[in-house]
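To keep things simple, chains are lettered A, B, C and D as they appear, and every chain counts its residues starting from 1.
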Amino acid sequence: MARKTAVIRSDIAFSTADSITVRGKDLPNEILGHMNLGDFAYFQLMGKTATLSQSRVFNAMLITLVEHGITPSALVARLTYAGAPESLQGAVAAGLCGLGTVFVGTTEGAAKMLYQALADTDVDADLEKIARDTVAAFRERKQIIPGLGHPLHKPIDPRTPRLFQIAEDNGMKGRYITLMQLIGAEAERASGKVLPINATGAIGAICCEFGFPWEIVRGFGVMARAIGLVGHILEESKTPMAHEIWHRMEDEASTHLRK
Amino acid sequence: MARKTAVIRSDIAFSTADSITVRGKDLPNEILGHMNLGDFAYFQLMGKTATLSQSRVFNAMLITLVEHGITPSALVARLTYAGAPESLQGAVAAGLCGLGTVFVGTTEGAAKMLYQALADTDVDADLEKIARDTVAAFRERKQIIPGLGHPLHKPIDPRTPRLFQIAEDNGMKGRYITLMQLIGAEAERASGKVLPINATGAIGAICCEFGFPWEIVRGFGVMARAIGLVGHILEESKTPMAHEIWHRMEDEASTHLRK
Amino acid sequence: MARKTAVIRSDIAFSTADSITVRGKDLPNEILGHMNLGDFAYFQLMGKTATLSQSRVFNAMLITLVEHGITPSALVARLTYAGAPESLQGAVAAGLCGLGTVFVGTTEGAAKMLYQALADTDVDADLEKIARDTVAAFRERKQIIPGLGHPLHKPIDPRTPRLFQIAEDNGMKGRYITLMQLIGAEAERASGKVLPINATGAIGAICCEFGFPWEIVRGFGVMARAIGLVGHILEESKTPMAHEIWHRMEDEASTHLRK
Amino acid sequence: MARKTAVIRSDIAFSTADSITVRGKDLPNEILGHMNLGDFAYFQLMGKTATLSQSRVFNAMLITLVEHGITPSALVARLTYAGAPESLQGAVAAGLCGLGTVFVGTTEGAAKMLYQALADTDVDADLEKIARDTVAAFRERKQIIPGLGHPLHKPIDPRTPRLFQIAEDNGMKGRYITLMQLIGAEAERASGKVLPINATGAIGAICCEFGFPWEIVRGFGVMARAIGLVGHILEESKTPMAHEIWHRMEDEASTHLRK
């Protein structure tokens, strides 16, 4: 059992009796009162302060992911809260568990696709050709292209042009956003379908402009939705829907068994 | 089975094909690019825009709860990520599940205590007497007073004076913060122990100044910590500690069984 | 920072290169093929083998908690699976988060009530008087008596007489079950309402007959429901309901906002 | 918004005022007292009663997954319980979230591999050739073969031969188990490494013999581990390790920052 011991180490934060330091800054005196929550999220994650432009784009991106009405995650949080109102944290946690490959997690797929498409390319790369090749490859594998299409927001997801505009206004529109736009156009052409770049596609592209590792991109949706779910739980505590949903569904689901 | 049907209703947000509206504002055009994440959290939750003063205090309060180093919640998120790196959302969710009555959830207890102590009182109430009565009641029930004491941050939790100062600078120091300070002083006097108002006590008092229902106060810690946990997962993906913790603990825990 | 180090120790299980030992038994050779799942749950938890009578009662108790149709926990698991089908574990976890004080967790409240009522009593104690005092105390505090009443199963929860009969048939009906029955009768008399002992009340009483600590009683519902939720996820993967629920609820919840 | 409405339907269970029916059987009278927990899990999931042979193999398979000492999932459950002891369900849920592709979820990968390898083959298929082709394909893609190898249990995982023997004794050893054994042998030959079939590989193969859909195979590990985690939480409530782990790790992780 001569296992080699590794070191336990974290560079994010540490505390002493009279101080808390996050990424080298004194939390009470250098951060509290000097940053907003979005900027602190950037700082805690990246270990450096967001520029004003980065702050605008990053905050807009996170806000986009906070709230989208009565989503499955909101329903899950509300149904969980109805059973365990004393454990608000469990209701939020339950609501987050479904942010996987089908819903919010598609930001990750979009970012991964864009990073891979531009890996080993330089600034002269023919983005139109790359878009055609990317779409062709997904179509050949019969895979859905991440970040395209929306059941409701057609022909345009209204969040996407606004997010891209904010990125452009702040000097953060680069090759990844352009490629995402070209992929969207090419996918519509090749499929003959209406395939708007949805919010998760836009955010995936913006994450690439920031240089966030694709493995962490899903995390922005998770942290943002945690905020939104608390709002839903507060509303549920005042004007509940969970019990009504439960009874309706239970009744309908078993109607055929009662005959 | 003549159940009376209730209405399913939410006032937070709704979407049409070309719009998303949150609390009456158009998300793409009136919110994105115009708010930071903390202010949007306030807006989504309360249904009204934070004033500049409220924004400063609310952002400071949330930031305080994002990060406190290698906490149990950070360990849980890292250990979970090691087993299911494809499900980042599950690692964050797991980390949130422990924010209960022992750790972050104590904000709730502090807010509840303060609201109850000042219920049915007017502005002339004798806060010193209320503080003495509150401390005496907890001591008689042999209950821990929520929001007081810290294993490391002694004799002062450095976050507390800074948060109270930010509240005061922004005109938000009222009777709840004063009462919390008086309760802290009285508890130290009565017990003879060093009992600093910790960050959760300070935040509980600030939540009362905002008028947030105590049932939702724990939610601020939950949403804030969700942000911090994503940072820990990103670090874990690069410089992991989970496997080392596992193997050390497994070895040590079963040493006595191997003999 | 001269913290005193405590020992990390567990007595449940340990492994060597060629063995796995649980509670002193060799897992592959002494347990696999020799126990059923319910008996192994008892053995892992209690560190001793269930007698045949205990096995019958314990398995019946756990089975009771596995499945109750389209419950909130089943809805949560299904809605979570729809968003993250690659993370079945997250869907089960989400479904478990709501097993708190309102639903399955009431087993805990019932067990706690019974243990407290019979603490410091001997076999000659007047159970009818204790039942009257217990009901009176709950009524005076305006608290709901745990384990009584059911929205659907009236005037009798069909699981309760069967569970009590199985306990009696196996020599496990003692003072706790009797007291629960007396409390149920007294609560109906005092309130004038139909208040059947529900399954969680029956199980709380049976847990007391076993001597399980009340702090762990909720765990039986949690482990049992984890089994049931996998069945719901399998059905959801074949005949889904999550998307339909989502769209119906989203439409109805925002109808008033669209006007 | 002319959405076509789908029907909400479940075939698992339904209740009336005086009955609960699961998969067509009356729960109180036909199931309680007549089945053990493992058999009821099979019945609820599959909608038919396990034969005696199936019962033996199924119970053995589930028991194997309940407990493996101080695993990451046990650590997560214990660390979560320390923060929210009032929410036992959240501690179990947190512990389950990490049962993904790295640990217990590998049962799923093994089952999928075996199903795919034998799809469109008949009983005369050359299993040795299929094993060689399967191993070669994984090696060419530089992918780890699911269900092989173990950091501790070498050269044999003691659970595997016992599980295969129980399957054989009960007439359930077929082509899937044989193919798994051949793949294990071929992988050792091709790589020159010691690659025992681990418990998740054995269980993946047995799930194929049962005909369980591979999408649900991970669920067996999830339901089984939920049982084991309750045992760890009970032990943590009596002889805790969570705070000690937390303080040790926090100290060590930040040592380099304190200098």
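Quick notes on this one:
Everything that follows uses one rule, which is that a residue touches a chain if its C-beta (ideal position, glycine included) is under 8 Å from a C-beta of that chain, and two chains touch if they have at least 3 such contacts.
As the structure is a computational prediction, the values presented were derived from the model and not from experiment.
The chains touching chain A as well as chain B are C, D.
Placing every chain at the mean of its C-alpha atoms, the farthest one from chain B is found to be D.
Annotation: 36 Å between the Cα-based centres of chain A and chain C. With each centre defined as the average position of its C-alpha atoms, the distance from chain C to chain D rounds to 23 Å.
Chain centres here are Cα averages; for chain A and chain D they lie 30 Å apart. Rounded to whole angstrom units, the spacing between the C-alpha centres of chain B and chain C is 30. Within chain D, residues 7-11, 13-16, 69-70, 84-87, 89-90, 93-94, 97-100, 104-105, 241, 245, 249, 253-254 each touch two or more of the remaining chains. On the chain C side of its complex with chain A, the touching residues are 69-73, 75-76, 79-87, 90-91, 93-95, 97-105, 241-242, 245-246, 249-250, 253-254. By the touch criterion given at the top, residues 7-11, 13-16, 21, 84, 86-87, 89-90, 93-94, 97, 249, 252-258 of chain C touch chain B in their complex.
Residue ranges on chain C touching chain D, taken from their complex, read 1, 3, 5-20, 22, 27-29, 31-33, 35-41, 44-45, 55-56, 59-60, 62-64, 66-70, 74, 85, 87-90, 92-94, 96-100, 104-105, 152-154, 156, 158-159, 161-163, 166, 169, 213, 215-216, 218-220, 222-224, 226-235, 237, 239, 241, 243-245, 247-248, 251.
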